[in-house]
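Some structures are shown below for you to check.
Paired with subunit B in one complex and with subunit C in the other, subunit A is shared by the two complexes that follow.
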Partner chain A sequence: MEFLSYFGGVFEPLAFALLVGGTIGGLILGATPGLSPTMAVALLIPFTFHLSATQGLILLGAAYTSTVAGGAVSAILLKIPGAPANIATALDGNAMARKGQGARALHLSFLSSGIGGVLGVLLLIFLTPMLAQWALAFGPSHLFWLAILGVTVIGTLDSKSFVKGLLSGCIGLWLSMIGYDDIQGAQRFIFHDALAGGIHIIAALIGIFAIPQVLDMFAKGRSKVKIEAIDVPQHAFGDSVKEIGRSARPLTIGTVIGSIVGLIPGIGGQIAGLVAYDQAKKFSPHKEKFGTGHPEGLVAAESANNAMVGPSLVPLLTLSIPGSPTAAVLLGGLLIHGIFPGSDIFDRNPEVIWTFINSMLIGQIFMVIFGIAIAKWAAKIARAPLPIMGSAVLVLALFGSYSVQQSMGDVWIMLSLGLGMYFLEKFGFSAAPVVLGLILGPIAESNFVQGSLIAGAQFDGNWAQAQYFMTGSLNLVLMALVVLSIGYSFLSHRARGRNASVKSGEVQA
Partner chain B sequence: MKTLFKALGLSLAAATMGLAVPASADEYPSRPIGVAVSYGAGGATDFQARIVTMVAGNEDMLGQPIYILNKPGAGGRVGWNWFADEVEADGYTMSAYNVPHFIAQSIKGGVKYSVDSFEPIANWGADPAVVVVGKDSPYNTIQELVDYAKGNPGKVTLSGAGLFVGHHIAALQLEKETGAKFVYIPTKGGGAAAMKAVIAGDVVAGINNLSDGFRAAEAGNVKVLAVADLERNDFLPDVPTLMESGYPVDNASVNFRGLMVPKGTPQDVIDKLAAKVPGMFEHARVVKRMKAGGSPLHVMNREEVQAMWAKRQETLAELLKGL
Partner chain C sequence: MTASRTQHLVSSGGIFAIALFVAWVSFTQEPAEAFLFPRLISVFFMAFALWNFVRAVMGLSKVGEGLSGDTVKAILPGLIVILIYFFWAAKGYGKVAALEGHWLYDWVRRGLGFYTSSTIAFFTLYSIYDPTPFSDGRSWIKRVIVTTIFMAVIYGLFALLLKVQTPRGMIF
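Right, the complex of A and B next:
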């Protein structure tokens, strides 16, 4: 309960102003396509030079928390996920906004972010020493199996057809191979300078999600069909709270998965949202509604990506090993103020660290309040006529993909991927598996190569690799999960095939 | 905050008025200067570059603020290719260099630059590589580790941050000078991932940055066995160099960071920068910030950097010949 005595530090005037400012600014930065949480925190670090360590960390912590949640705004309203964390949010959130339920989607998203976030920070406060060991338990072989577990999700994620889902995933895996391979020193599929550094995940995200819908909007705008005007009814906040109260299952799934994934260095929050979405779907009695604007998926994804924030700081603070790309940038922010992570950090710098953690707790609550406050107005975006909306999204997509690393090459990559995805979608392929393949490919590959090298040194004989990857209880548990996941996909696919005649009428608009 | 607003105001004014004016040494710099960093925002090179350039806008320094442009990708190759190929040589775009990274990459080929593509301005930092083992490791000295590796060739794994970076160079030198056979495991995600592999026991030992090794040792997570530099380091006075341990490994793997401009930049602009920039790196506020971050400051002027580059080129060409 030591942390309670440091709550006062959060409410000092300047610290408090920074917390509020950082939260509002973070929401705006997070909602801007192309400005991922990682970049927002990196951009703020120079400002902390002028602040004390505590104040600087409060600003960075508030920005980290709220940019992750802010990314949901553009994912829901524009179908542009601000960061990989918000991909799953876009799936059902945008469908809800299209139906005029934007305010409801934003309310649910911020509430579940807040709940997941607070629980994540509480884990950080109470269980840090225990969880730090867990973070170390995952070596290359385990990370490889985890990535494979992620790949098995591809077939069932947001796809009408199991085979097309797998094919989309393969396209994503192939895209992830483009660029310079850091481990073997080979150049792969580089036909142009812009591809030398590989395909940047943010540029790909923007292109794959935003461009197909921009093209769709323009196509509709040219037709004689009357421009759609969506009615955006007000949504009472009280109803949203009641709805969250009824969503215990997706909330639990999201929070648990987000916390676990956040802890594992190297996987980070990138896939927390997607995995939680998939699991929520598997455990839901309304599987068929996912992807059509069903709030359960949204709740699971958003609670997961904020629950990940607290635990991702556990290996960072105790072992100096960041659990996510954003945590890696935050490490720079800590070091610059002379706060060196270590298992005794809570004894060496209690007032800085506890105030920082407390501010994240309070920041989560502010984030919910400010997020809810903008929801009412933000939801009206859905009323904009399609040609105007399309143009605005296109401008944001261009701006976002350029700003990632000030590179025109990224803009061309974004546009080409988007155009390709437009045609793929016409043939029933979907975007989420492509992106998941793009994220998981490098994790699976680099850990497999590292693991193979280590295996060769650790074991003798022809079966060295098998011994390294397939023995040990954690490896066996993960392999069992992979088998279960594949089996489940296969069975539910067959069950769906039998019901297909009944549901063929339900085609998403 | 006051200086920040002043810098912003200056840069705005300069951006509106100074764009059309051609560069000449008297007026240079008449608008803000960009510094390209070939690594991502938040990495060690990025945050050090932000610290050492923060006083550029002061009247007695360059009189113009410096902003950072991140051009990450392919271990730095993307940024340096861009810098060698597309940047106008007018002194308004500089780049941070990392030696031995860019020299080793140019020797291995497939990039558009070599030491002759760039003109050094000054060096700000030097981060030597260290050999680390986990805190529960049976090895307490570098000799014990090397002796074990000699008796068991191909059994000792060494983690490091990627190929043809300082860590890899140190591993290659260690192999060459001891005759032992190590298995080098390059990690993605820089020094942090390589350090995690050591702490978690995924590998037998690792090569890492001195600053990170120092912090991990302070936190009780690792033991630092040796430093790959000519002298012992102030941060770790008790840790021997590889040389005094009997392995003639020099400082070719030390990660030097500094500023450079493209070849073809007007000589008077280079001279002006070379005269002003070392003073900027030694500014009291810069020194304080660098020290607080545990980043070793090592300022060298243009002539010293030129000599260092030439020497690295020679050593690395020799070392990488057989690969």
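Right, the complex of A and C next:
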């Protein structure tokens, strides 16, 4: 119960103001279609440079939590998910809004997000120290395999194409190697002066997540996107609370699935929401009502995507393996503030980490309160014009990446990576594995080098490295997980491809 | 919708060329110890890139909608503004030895400065992609007001609150 002694830090004036501001700002950003939570957190990181580590993390954590919940607004009112995590929300949420139950859907969405989110953060509070204790037994070879596992899991599960997902991870790993190698004192892959210091993670994150979205907004051209306006008639909040009290089954399904998915590195809220929706449908006595505006589907999806937030930080804080793309961006924020995740994180930075986690717990409650409060204006927020959003994100990207090190080199790197990612995405590559490779590359390399040195001392002969990295039960388990993640993904992509060709064959026939 | 076979061939061929280059650099540069990890990664990078390229050659690469002519036409004006904004207007860049010392060249090389260039870029991009017809006089007033408010917020955040020192260029 150590966390209880750090609650005071959340209520210090500036920290509290950042929590409130981050929550409201995150809800608005999340409600705006086209601005993903990952991009919002990436763009916010430069604003934390002048804050203490605790304050900076409180702001980022509040934004992470509330952007995911805010994304439900546009999913419900416009059928445009504010974030991938809200895809399942749109299925029943929008149908409810069309029936004149928009306010009810928004209430249920924020309440179930809040409940799922609180339980997810409680899991983070109780699981993280346990996993941290367990992680003390990890040596360089295990940390190397964990880093590789992080890249392969996100590369294979988060991508539409198996080989392109793994290739994206390799691109990220290569990008992480650019720059000056401190250990050997050698220059690697430096083709321009701007690359001499390597690729700064914040500039890369801003470019990879913001620039493709800006170009996607511009790609719609001058066409006026017709968005159907849906009236949001008032609904008694007390009735929504009673209804949530009666929705124990979808709420439990959503929270349990969201928590499990969050713990698995690299999967993210989109999968959590969709799996929870699917399972809630299977266990419901009213299966036929799903998709027609049934609150159970909405409650399951929203509780799952917010329950995922807390657990996604468990592997991040203890093993440096982010549980979702947004958690990967958050890892960048931690590193910027000199907080290095690992088994001893609670010994080195107890105040920072516990205050941050506590702020996420309180942030979930604020998210419900402010979410319900802004529900009235939600439709207007969700209809923010794309040309303004695109231009604003671009200017913010310039200022944000420049302020990292006051260097135009970072700006050019940010733009180049962003443009590259835009074109790669058009051909089926994913941003998340690139980012994971970029973040986990140095972790994998430093442990590979350390492990090689230990191997040289422990074993004789040419196969010393192989002996060190490929023997021992934990190494074998981690290697098996790497192979399993690749194998599972390969088979499921093949099965999906076969189903698609059978369906197209049927259509042609 | 998926991209054409040619588009997949070009994109996967480009990635394969990069992977080959990374492998070549990793295995030829010294000191070898510094390239141990790059060598390991480049082997997998090249293997996956080759697999991807072979799939594209065989016409099996189907994921990704590619770039349509309409998309290129739509993003091109914005892309040109972005490139001018980032590579010249914000800070200024470029060196032409023959022109050095000429007052006009030295002045232009300084760029416009972060705030001026951002104001112009925001206004230009907003105007290009705003669906309201250019002939609508009121829309221009709206664009000027939105740009002014947005840049005031940016100035307040970065210059006054965060105190980020940005390049001033020829104007501001």
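The working rule: the second predicted complex is superposed on the first by the 270 of 509 C-alpha atoms of A that agree within 3 Å, B and C clash if a C-alpha of one lies under 4 Å from a C-alpha of the other, contacts with A are read in each partner's own complex, and residues count from 1 in each chain.
Keep this in mind: a contact is a pair of C-beta atoms (placed from the backbone, for glycine too) under 8 Å apart; a residue touches a chain by one contact, two chains touch by 3 or more.
This one's a predicted model, so the numbers in the text were calculated from it and none came from an experiment.
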item: Touched partner set for A:167, first subunit B, second subunit C, both or neither; value: second
item: First (subunit B), second (subunit C), both or neither touched by A:188; value: second
item: Partner chain(s) touched by A:406 [first = subunit B, second = subunit C, both, neither]; value: both
item: Touched partner set for A:386, first subunit B, second subunit C, both or neither; value: second
item: Which of subunit B and subunit C A:50 touches, first, second, both or neither; value: both
item: Subunit B versus subunit C as contact partner of A:198, first or second or both or neither; value: first
item: Subunit B versus subunit C as contact partner of A:249, first or second or both or neither; value: neither
item: Subunit C-contacting residues of subunit A that also contact subunit B; value: 46-47, 49-50, 183-185, 406
item: Subunit C residues touching subunit A - in the complex, by the definition given at the top; value: 3, 7-8, 11-12, 15, 19, 22, 25, 29-31, 33-38, 40-42, 44-45, 48-49, 51-52, 55, 61, 63-67, 70-71, 73-75, 78-79, 82, 85-87, 90-91, 93, 114, 118, 121-122, 125-126, 128-131, 146, 150, 154, 157-158, 162-167
item: Of subunit B, residues touching subunit A in the complex; value: 1, 4, 40-44, 46-47, 50-51, 54, 69-75, 77-78, 81, 108, 110, 154-157, 162-164, 183, 185-189, 192-193, 195-197, 199-200, 202-204, 212, 215-216, 218-221, 289, 292-295
item: Touching residues (chain side subunit A, partner subunit B) in the complex; value: 38-39, 41-43, 45-47, 49-50, 136-140, 179-180, 182-185, 187, 193, 196-198, 200, 265-266, 315, 319-322, 328-329, 331-332, 335-338, 340-344, 405-407, 442, 446, 450, 453-454, 456-458
item: Subunit C partner contacts - residues on subunit A that touch it in the complex; value: 46-47, 49-50, 160-161, 163-164, 166-167, 170-171, 173-174, 177, 181, 183-186, 188-189, 214-215, 217-224, 385-388, 390-392, 394-396, 398-399, 402-403, 406, 408, 411-412, 415, 423-429, 444-445, 448-449, 452
